[in-house]
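What follows is a set of notes on a single structure, which appears directly below.
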Amino acid sequence: MEASSEPLLRLRDLSTDIALRRGTVHALDHVNLEVNQGETLGIVGESGSGKTMTVLSVMGLLPTGGSVVGGEILFDGRDLRTMPAPELRRVRGVEMGMVFQDPLTSLNPTMRIGAQVAEPLRVHQGVSKAEARERAVEILRRVGMPRPDKIVDDYPHQLSGGMRQRVVIAMALIRSPRLLIADEPTTALDVTTQRQILELIDDLREEFRMAVILVTHDLGVIAGRADRVAVMYAGRVVETATTTELFRAPRHRYTEALMRALPESAADGRLYSIPGLPPDLSRPLTGCRFAPRCRFATDECRTTDVALTGDGHKFACLHPVAEPVPITVSTGHHRAAATSAADPILTVRDLVKEYDAGGAGLRRTAGRVSAVAGVSFDVKPGETLGIVGESGCGKSTVGRLVAGLEPATGGQIIVDGTDIATLDRRARHHMHRKVQLMFQDSYAAMNPRMRIDSILTEPLEIQQVGDAAARRARVSELLDQVGLPRRALERYPHEFSGGQLQRIGLARSLALRPRLIVADEPVSALDVSVQAQVLNLMRDLQGELGLSYVFISHDLSVVDYMADRIGVMYLGKLVEMGPAHQVVRAPRHPYTQALLDAVPSPDPGRTPSPDTTIRGELPSALNPPTGCRFRTRCPLAQDVCATEPVLEGGPHQVACHFPLRQEAPAA
Amino acid sequence: MTAPHEEEAPVRGMWRQGFEVFCENRLALVGVALFVLLAAFSFLGPLFYQTDQVHTDLTKVFLTPGTDGHPLGTDGVGYDQLGRLMLGGQTSIVVGLAAGLLATVVGTIWGAIAGFAGSWVDAVMMRVVDAMMSIPALFLFMLMASIVTPTVPMLIVIIGAFAWLGPARLVRGEALTLRTREYVMAMRGMGGTGGRAVRRHIIPNAIGTVIVNATFQVADAILYVAYLSFLGLGVPPPAANWGGMLSDGLSDTFSGHWWLLYPPGIAIILIVLAFNFIGDGLRDVFEVRLRRR
Amino acid sequence: MTRYLLTRLGQALVIVILVTLITFVILHLLPGGAARAILGKEATLEQIAAFNHEMGYDRPLWQQYAMYLQRLVQGDLGYSFQLNQSVAEAIWQRLPKTMLLSLASTFLAVVVAVPLGVVQAVRRNRWPDYTINGLSLLAYATPIFFMGLMMIILFSQVWPVLPPEAPQGFTLAEVLADPAGLVLPTLTLTILTVAVYSRYVRSSMVDNLNENYVRTARSKGLSEGRVIVGHTLRNGLFPVITLLGMYLPALFSGALVVERLFNYPGMGLLFWQAALKRDYPILLGVTLLISVATVLGALVADVLYAAVDPRVRLKAGRS
């Protein structure tokens, strides 16, 4: 990255407002940023921090009601705000390119891929139709599309999410832009696909010698890919530095808190959490915007505006971190293993679930989707079993089956010694007291027309627990347990933030005093700081109440933090199962290894080994591969893998003909 | 994005919130005002302005407005036009409301059963709806009206008996989507029954759509009465309705009796507009309540 | 695609059969039974018995229905003693004229409503949107015969440029020979249709303008016009094709009123006259035919939609 004299893009005191029905949100407040030729700038922040608004302001793509109200956007020394419209369109169309978050919706569904990719050429350079098509094929090949000459004539819905994101990238690149803006380009994708896409962007940056702005909420993504990082909070840049410097020695208290809140850095077995919520940007704010949530804030912080200061490493904090914070990517906190002598609260034997495919129409000839194919595990009292896997691996289906929401096609689910399939209606009804579910999106899981009061009372009513007074007392107790004020009872779900809703969701699952809670991605929709609050709460309550959890997540670091044991699922099967620290630090299945390698680590020093990258796409669960289902993508696969491997071993089991390591001797 | 700060946002009930949203839509308020005015005119008007709307008076036909104590003149058989407007309004409003209500109730029950039962019951019930919907409504109404003599209750039954198809489709669609909502799943995870899902979750969430649709049904029913009257199958005199008065007025157009034409025409337009405005306002209410932030 | 077509065709067939069942049931609900309804009030008991026997009305209901279906398949819709003509023949004379009126106003309505709806969507919540929306609501709230009358007053009385009555020709050619007379009926039906279509186009376009792919298109530096014409217009108009099918029943109802108002000798007028004279064979025949036309129209619209939208076309083709 040679530092040429003039930055390619410079934002000077950029301010952006968004007019809503009720008042104006000051989404950006005097944002200052620079991007140099050929470098990758990472912009990191939580939702509402203004990171996306910053790049949308640059691209002129602000949502309805949004407008840049102050400052300059200097691209190559020229202010985009004063540029005439046609010229501006040309600059944005030719010299900049943008990749969006959701590849499923960011392509025109009724336009052929080739036409969409080549459209900028046709518009800005007047290229002929035939040549445009050729160039589209060329660029699609470059971004790693298989059979690009066929795909140009396809429509978006015929491609997978990862492939569509490649198309969006190709579309941005066909103009050979000098600046590529990627707004959460991999958030909607699975980790293995995420890794492929991030690597692609890296390669292309060098090849096309462009600058890249990588916007993300994920510190891990930034750490591995960016040269410099800007941290945003509540519409402002609070800290900028080179990536190594920032991760080695963050200075702003918010940055520090954010890093400590990562599950990876939970050294002492407890996450550092940031109390409270980000401020409401439609109100006038004074002082440091993080002050209300900061443990180091003084009166001065609350009253004086703090500007970015420093040379190179700039930060806006009156009480910065003095000494470097060692980012300990924890080496495993070795939770005290649950008392393994007790009888398991849940035992699952050879669980199978199949669905009819293509249910529409008169005849159902399309076949059966094998969602869960012979899964066995058990959960001890007080234990947390983590289940990880990518989308479509069947982990959520397992959760729904265990919670009794759907009947299994085959196998046994034994709760507290009783096979639930043998229960009669009343006993089955009663069984729900023992197992409860916690959802990813608590807002969707709560009736929008019921007050929190009724929402929390509902399980008690259904199971006819206690009289009205007893139920009221129980609801108050639950609110105390999850740390919400009594006033919450009179309100409706839409009045709460995501983190608060997860607390209410947890309170509801606790209402019946269950012994097991199945938590399906309970923190996936939350920001890091709020995620830490919820995870801590879940662990505290587990200790207090002796709960067991089945914790389902796609996020290995979260599962690593929460679980005693981890099961890894791939395409309906458990491929590995063992104590959490062993599965994460000494995986035995090639898929687990690939999954771990794909997880971006918030440690800029660590580079993943390239040889374990898995290529290709997840096969369809309709007619899955025979034998080992991973063999079609496995780097180690041989003929014998066509026979099905058995999940075997001591405490650390693996279903693989060629396990990566032998089981570690029992400690 | 950001959550409301509990300390600052006052606790407000759902009705209150809904009311506020409704009032924000100025056209909805205009709609309510129009409806109140027209209803008061039709039902309370006769208390203050008494006229004979039963006996014809052939000595006083086609009096121009203002003459002989008839502010809006008289019609071809000597009825006082202003008084007749009041009488006609009663029929139009009553038939509209009753037929709209009937259609909504029948449609909701039909659609709900189809939606909850699913499988072949749903298929059969919805094909019946499809079939009836493919018969253009006015043709059906006329067919029915040619079989039975139209009286006010009969009109209500005839219109209600065929206008329920729209609500049926709507409610069935709602039931199908609401059934798969996560909060219904959450309730089942607590051991709740299907009956509880319907009572506590599906009906309260579907009711908004039904109410909004009902207001549009009323507007449509008022128009249908007008069409049937125009086609000669309205309520026979001495009963009256705005649609019938308007159709009668048509034949007088070219003789310059404008007072027989425009007042009922404008009255119909206003009442139909009123229900449309109210419906739009209610739609806002039910949507905004669900909107986060 | 083929499978989709077959499924859809099967559905249409089921609906048509159900429609015949409905008309059959209505025929038997008639006061005094079908015979009295068809022969008229003056018919003697002997006549009725003879008629019932001849038509098979003394047999079990299911047999009667089977015979009814059989006759329908052969194109026999019954006989109108009042017109002294077979129902099929009476309808056949008037059908083309009604089709002319309906198709012409549908075509005009699309031509007018699409630009209006697009302008509304692009300028949404600003004065062009409010104005057009207000006008279309007004048109929707006005009984169509009142609207027609206003047109007559305006264009035949105040400013006499057009005849107030539709052409009275017996054949389609004769009707077409008097195009001036067709203007007012067509326009009246068109205005109501425009009011419905433009609201639909607007909401479909608004939905599409809020889609993420529009943002992607803008990020390519396209002009706003190109974004709308090149990207949203097509996606926004696809659903309008299905609306054309869905709107048919309302269109035919509208045609009935317009034909009566302008005294246009189409199926609607035939139906109206039959209703006043209680000529049930005609009433049921027209009802049946117009329903079948509706089902077919909706079928054509759905198939057309599936053919132009790659999402439906390809998905249906693969599974």
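Letters A, B and C name the chains as they come in the text, with residue numbers starting at 1 for each one.
The rule is short, and it goes like this: contacts are C-beta pairs under 8 Å (C-beta built on N, C-alpha and C of every residue); 3 or more make two chains touch, one makes a residue touch a chain.
Worth saying up front: this structure is predicted, and the values here are computed from it rather than measured.
K.L.:
Using the touch rule from the top, work out which pair, B-C or A-B, shares more C-beta pairs.
P.N.:
B-C
K.L.:
Going by C-alpha centres, which chain is most central here?
P.N.:
The most central chain, going by mean C-alpha position, is A.
K.L.:
Any idea how many Å lie between the Cα centroids of chain A and chain C?
P.N.:
Chain centroid spacing, chain A to chain C, equals 51 Å.
K.L.:
Please report how many Å separate the Cα centroid of chain B from that of chain C, as a whole number.
P.N.:
23
K.L.:
When the centre of a chain is set as the mean of its C-alpha atoms, what distance in Å lies between chain A and chain B?
P.N.:
Chain A and chain B have C-alpha centres separated by 49 Å.
K.L.:
Got the chain B residues that touch at least 2 other chains?
P.N.:
Correct list: empty.
K.L.:
By residue number and range, which residues of chain C touch two or more other chains?
P.N.:
none
K.L.:
Spell out the residues on chain C that touch chain A in their complex, using ranges where they run on.
P.N.:
Residue positions touching the partner: 3, 7, 10, 211-213, 215-223, 226, 230-231, 234-235, 238, 309-311, 314-315, 319.
K.L.:
Spell out the residues on chain A that touch chain C in their complex, using ranges where they run on.
P.N.:
Those residues of chain A that touch chain C are 59-61, 86, 89-94, 97-98, 100, 102, 105-111, 119-120, 123-124, 155, 157-158, 168, 171-172, 358, 361-362, 366.
K.L.:
Quick one: in the complex, what on chain A touches chain B?
P.N.:
Result: residues 25, 47-48, 277-281, 403-405, 428-433, 436-437, 439, 441, 443-450, 458-459, 462-463, 485, 487-488, 490-492, 494-497, 500, 508, 512 of chain A touch chain B.
K.L.:
Can you check the complex and tell me which residues of chain B touch chain A?
P.N.:
Spelled out, the residues of chain B in touch with chain A are 1-6, 9, 11, 14, 181-183, 185-192, 196, 200-201, 204-205, 289-293.
K.L.:
With touch defined as at the start, can you tell me which chain C residues reach chain B in the complex?
P.N.:
It comes out as residues 11, 14-15, 18-19, 21-22, 26, 29-31, 137-138, 140-146, 149, 152-153, 157, 248-250, 252-253, 256-257, 260-261, 271-272, 275-276, 278, 280, 283-284, 286-287, 290-291, 294-295, 298.
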